[in-house]
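Shared between the two complexes below is subunit A, which pairs with subunit B and subunit C, respectively.
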Partner chain A sequence: MTIRQKRIVDVPTLLVIALLGGPVLAGLAGTALPAFGYLPVLGHETVSLEPMRRLFETPGLAKSAALSFSTGLAASLASLAIVLVFTAGWSGTRTFRRLARFLSPLLSVPHAAAAIGLAFLIAPSGFLVRLASPWATGWTRPPDVLILNDPFGVAMTLGLVAKEVPFLFLMTLAALNRPHIHDTYRAGASLGYGRLATFFKLILPQIYPLIRLPMLAVIAYATSVVDVAEILGPATPSPLAPRLVGWMNDPDLSLRLMASAGALLQLAVTTAALLAYLGLERLTVRLLRSRLFSGHRHAHDTSGRLAGLFLMLAVILAMGLSLVLLGLWSLARSWWFPAALPQHLDVMRFADMAVMGAPALWATLALAVSAAGVATAVTLWLLEARDAAGRTTGARLKALVFLPLLLPQIGFLFGLQMLFLHAGLTGTFAAVLLAHLVFVLPYAVLALSDPWARLDPRYGKAAASLGASRARIFWRIRLPLLLRPVLVTFAVAAAVSVGQYLPTLMIGAGRIVTVTTESVALASGGSRQAAALYALLQLLIPLGGFVLAALVPALVHRNRAAMRLERG
Partner chain B sequence: MNTPADASGLVLDKVRLHLNGAPLVEIDCRIAPGDILTIMGESGSGKSSLLDFIAGFLRRDFQAAGRVFLNGRDLTDRPAQDRHIGLMFQSPLLFPHMSVLQNLMFAIPADVRKRSARRDLAEQTLEDVGLAGFGSRDPATLSGGQQTRVALMRNLLSEPKALLLDEPFSSLDKARRADIRALVFDAARRKGLPVLLVTHDEEDAETTGGGMVHRLETCRGSAPSRP
Partner chain C sequence: MTRLLAVTLGLLATLLLPVAAQETAPAGDSKWQDVLREARGQTVYFHAWGGEPRINAYIGWAAREVVRDFGVRVIHVKVSDTATVVSQVLAEKSVAKSSGGAVDLVWINGENFAAMKSQGLLAGPGWAETLPNWRHVDIENKPTVKVDFTVPTDGQESPWGMAKLVFMYDSARLDTPPASLEALLAHARDNPGRFSYPQPPNFYGTTFLKQILVDTVEDRDALSRPVDTARFADLSAPVFAYLDELHDLMWRQGNAFPKNAAHMRQLLADGALDIAFSFNPGDASGAIANGELPPSVRSFVLDGGTIGNTHFVAIPFNSSNTAGARVFANYLLSPEAQSRKQDPEFWGDPTVLNVAALPGREKALFEALDLGPATLTPEDLGPVLPEPHPSWVSALEKSWIARYGAN
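Here is the complex of A and B:
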């Protein structure tokens, strides 16, 4: 009997492991050693607990850690709840499809741009207060209340929710994309179960395994976020992550040891949040399971469905308005409180600032195109090689690429910065590109593996039986057939790269400046017009990417009816 | 007695397929050049896995024993590209991003070097099956019968030494079916290609003109029944 089994790990799988695991592991080591006092570059050569002791003597540290934990976990839970209740109540309806069309582009809005726009919306001098002033509120000057940067991090939590809802929604949408899932709604309804009950009792148990890793990634991100915290978060004290970055960039180099110790604390805080979520998950499962066979049908769930719709609409409206406000502020020459709209718009001013922003825009573009190009190419190579080796299951691969997203970025970026510093690579394009790839590559793999798996394998078989080589099948059959999803993957990867704040800040060390690092700096510096403009420039690249991903296939395949059908 | 290695045609030498240890298909036979072997079986009887094994696409979770010879050459461990076995599926599977002519030109072996020669050959082929002038068309605009004809010609242009047909007529309406069937079988006879046809349509089996019929039973091997 011929056993047709070869199990050699292929080159691209090794490459992906090296690209993701290398920087993460090296970075973690580079963070852990200074945390215990070992940093030979700065002359610290004895292992000690001194950095830890100094860290815990810092005033307000417990409060910072608690803020990171609570805002991150609350934002993640709220986002998941909104997405699930909305999906449960409306999936398969026209309303659902319409709103879904708004949510996908919102995913590509970088966190920093969303936070800046949201600040323009909800600040004491922001659009919402202006709308009600002075006729309803009587305010002729911005009220002296802490809406932004409130001590409990409410504004920051809202900012995170606005960004994580589109992400979790698209992950849920992908999980729902399996045959016969909508028959379950019909089956549930025919047994007298309401939509929400059907979803939570019958559908969610089937799709949750696919949402779980993205949810854990959201928690890891939200508990250690820096850019959103600097724009919307409390300052007295700040959450943990932005404080750590402050110490790391302090001219007093000895603070770096303490910052590294803090990064370990950040790891602990994120781990605690992840464990807390897993505990909650177990409780919820037990609760749902005990009710599963109770026979309660919750047939009249209109109020629940409307609540889901209302919350989702609120997120979409808030994000939409924020983006419009970004546009208005970048054009405004004067916009005094309490006018709802600017008194003077000035296109020339916009043009002047665009010229000023050009170098940062070029740097961002170069990074995004390189990172997306490398990530898309490696992903294609990976999928093709796994296909050729006859491997079909992608679940383990997806779990593997998700791992770096389950760590707080700060945990290994500090160490990576030290290592690059040691090697004289800090501030080089290649080093920043490498750091971006750790975050870009997972999204590229996620975006492309499903469309790749859905492509009818018989096209490849037909071509092979005609004598076409593997390379010929790839270039002439698979790649053109998958042109649209490949370009979408490229656009997603570019958008992820543009959104990177901390990797650019830490590894770029001020020598590589992107529109994202610039916009956060300007926003914390209080320059509204400039911040708005840079935030808009952040949107430009993802927008361009998605327009290309829609136009190019339409042009290339303009005379091919079958290629106009949605292919993933 | 000939050994399988010197016989001409397509030889399936004691082929057995297992899925997770359970026997699925068992077959031992020779298809002479120009002959047609029809394999009848319901879905789930392992027909498609047998075709995958012969063409070189068997999935990893299957275990296979036995050998496949084509005109004396042992194909069993060769990649699909080197087997020279033409495959036709339930649907024509013309590559949707290419024109009809490009589909044909894709199949012409590379030793026809000159671009103009490749084009002429493809256009001549279209003319042979009554589709002159269809070269620049989008395959999606052709009728089912026309697509199947192009798919057949695409196969023949790649100069296969055998044909595997996986219910290629099932997508056609009854009127077209007889025409296309005759076209395929005539072409195979003229070129002396052994043909293996998989179907669950009794009519397909009857019209092969006295060819062998091999019936597969669901989830169990069976001995070949030869007329």
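Here is the complex of A and C:
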């Protein structure tokens, strides 16, 4: 069979290149030029290494960079370990199905909200201490101990783990959603392998390629996170990313040059963490290869399984409690230490604020649905077109798609803002939508390309041999088979869109107000009640998305036993 | 009784407002009439810090008033940090967008104003002093309405409210608060771990540093000039000597700090700290009314005075709704708006007006205010120490970060 090699790039590929490449290049230029001293608007017109020199003279810079690297990598590795051990030990059981139901909605909790809730849970004046005070501890005032903002970033790492576990879990779940996985489990069991051994020796090698890219995205995110670091992270000094934001927002405008130089350093730190992970990956494979073939059955793995369950339960409980506490705070007027429950509730104010938040909620919904819809559709179009052209998603395209996730937003947005201002688009819904797409589209491609690639091509071939057109194969075969991953992609994309703060603020120029911009503005003030309420509003839309992604396939596939995610 | 009077007067003011609005524009001032005419139908995007629901509600109220009386629509764009607004205007300038800018009016002062002014990001000078209500502003006793952190405003920003560093303590836990920096250090020695301040470069933390600087510096005149790098180490030595001693006695031994003033206030409410501070003398009363602080909280200031300044609203160079922005700025200066702002029930922010010189009816608006249980009277607030030149801020912050911010 000879397929004529198409030299011309197809339309959706061009579209993705335009949607991501333009903004990324503009953003990179807007970051790199000031980093080398070129920012004409502030009167800096000569290229120099001065910003770099200033950056490296900043006290505590090495420590900040080291913190970003270590907390990000540690949190990502810990999250992956928890997810894999839990999945290995319990996949296919009733416990697994029950906990899975809790975990997916947790993905919709915004990072900042999770961090605020967690801070209130574990702080010295927090809920856990209050439960035991003063009757057991004798404390009528909070003890002066350094639990949050510890210099090694332990609290921050925990916060990131609590947030990344649901994401990686969902990605693992999607990876497991393929034929023959259960046969493999049965084969392993019949050969006397323990559950953990079956998973790590037989199943993980099959599904790991699908988890790898999400894992890299998690590392890139965790090494450059701003909000979690600000709430839970060390402060003397902070990790690199929050310091960048501080310089970028300093009234002393000349610090912007140094901030751009810092953005390049952040890029280097993130890249280093990614390379370190890839190195670890190789090392693990090399060291463990022999053990894969050793034939050890590891039949007694109860303690390992229990550890996985315990850690997963801890994550779910911590996140669940944090959410309940946020809910209580949104109703609380006064809630002072050591009261375990609010002293005064104020439902009127809650209602007032909820009504005031309604317009922002609608704007957020419109943006999230449009961004997720466009991103999912473009991704499907891209995958289908490249399939038809006989190409897989090439490495270069993947690199381009992945780039916006690697660039620290703060350094890259100033350039993006300039681009939109030149185009005269700033402050319009379309502009904000385009800006969101830069960050949403990569996640959509990330979430969908592997399920797409893993779809058994014989279904399509069988249909084609029966005379079905490409369009008919797409609509009648592929889309229904991929309904769940497509909906999950949509939900992830919507959640990413809802989470965008800086792009909405800078490109929206204050004309587009979302619950996220409102929530960050309120979080800068003192009203915990208002901050908690907006954090909850922020959660509503992604939560709705994930509920739909779970319900719709269940309804549509109610009479398709093989299409259900988990079989007994 | 006073509350009833206040309500009655408030109602009266609302009824009389259209009349008052007419009055504030003298018939002869045809230029202002032109501004009013031009402003009608304009939409003003007012970028202002949105972290405090009470302030947001106040801005919402003022917006409703001006749309009703002058046909100017004001939209409050809530920002978490005014520096992002500076960024916005800067980005617009760099692509030569000289009209139709996103920002029509911005709540600003100090460093951000100095930065915008020196980069030419503000509308031309003088407009603020042509507002009809400018005549009520207390230029004589409140010099900071024309000089913002030693930088002359040149009428490029219109005063909105007065700020003064005021400390708070919980009288249920502490009998007599420390009324000097020495006493504060002694208190920390006796009660380790119960004092802290927001981490510089947070505005409030930096203000605390400036307070120590102004209190301890030998040559106060040097502070009104741009910082002399050669002398900075000498002049600031007492500040860091003081902090070196204080930090070991502080909350978390100075390894962690409150994020901002609001966080510090929360720590006071939880009893984690003995003392918090604010830039708004009415803050404690407002927070008590709001349920954020226990009713036993009271305010105090340091002997010898505390730092004070003024906060303003300014129009960027590329606003296309300057008439509407001026009408709103003028309304914010009106006795009605200023007296409501000073009421801790709504906000509790001190007025920039010369209350004594106001006409009787408008003066009564202020006299009827119940400033709340934790607000000091103007006499008890003590002398106002002027802000140092903005360049001191970055010098102090830099030294602070080098010493304490990167262990």
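Throughout what follows, the second predicted complex is superposed on the first by the 387 of 568 C-alpha atoms of A that agree within 3 Å, B and C clash if a C-alpha of one lies under 4 Å from a C-alpha of the other, contacts with A are read in each partner's own complex, and residues count from 1 in each chain.
Going forward, a contact is a pair of C-beta atoms (placed from the backbone, for glycine too) under 8 Å apart; a residue touches a chain by one contact, two chains touch by 3 or more.
None of these values were measured; they are calculated from a predicted model.
Once chain A of one complex is fitted onto chain A of the other, the partner contacts of A:104 are absent, as it touches neither subunit B nor subunit C.
In the superposition on chain A, A:390 makes contact with subunit B only, not with subunit C. Contacts of A:481 after superposition: subunit B is touched, whereas subunit C is not reached. Once chain A of one complex is fitted onto chain A of the other, the partner contacts of A:236 are limited to subunit C, with no touch recorded for subunit B.
Judged by the touch definition given at the top, the superposed model places A:461 against subunit B, while subunit C stays out of reach. In the superposed three-chain model, the partner touching more residues of subunit A is C, compared with the other of subunit B and subunit C. Residue contacts after overlaying the shared chain place A:563 against subunit B, while subunit C stays out of touching range.
Once the two complexes are laid over each other on the shared chain, residue contacts for A:427 go to subunit C alone; subunit B is not touched. Once the two complexes are overlaid on the shared chain, A:469 sits against subunit B while remaining clear of subunit C.
Contacts from subunit A toward subunit C in the complex involve residues 39-42, 58-61, 63-64, 124-125, 140-142, 144, 146, 148-151, 230, 234-237, 246, 248-253, 333-334, 336-337, 344, 346, 353, 414, 417-418, 421-422, 426-427, 505-506, 509-511, 513, 517-518, 520-528, 530.
Taken together, the subunit C residues at the contact with subunit A in this complex read 45, 47, 49-53, 77-81, 83-84, 86-88, 90-95, 97, 102-103, 110-112, 114-115, 119, 192-194, 199, 201, 251-257, 259-263, 265-267, 269-272, 287, 290-292, 294, 390, 394, 401-402, 404-407. The residues of subunit B lying in touch with subunit A in their complex are 55-60, 62-65, 76-77, 79-87, 89, 93, 95-97, 99, 106-107, 109, 138-141, 154-155, 158, 160, 164. Residue ranges on subunit A touching subunit B, taken from their complex, read 1-5, 390-392, 456, 458-459, 461-470, 476-477, 480-481, 483, 556-557, 559-563.
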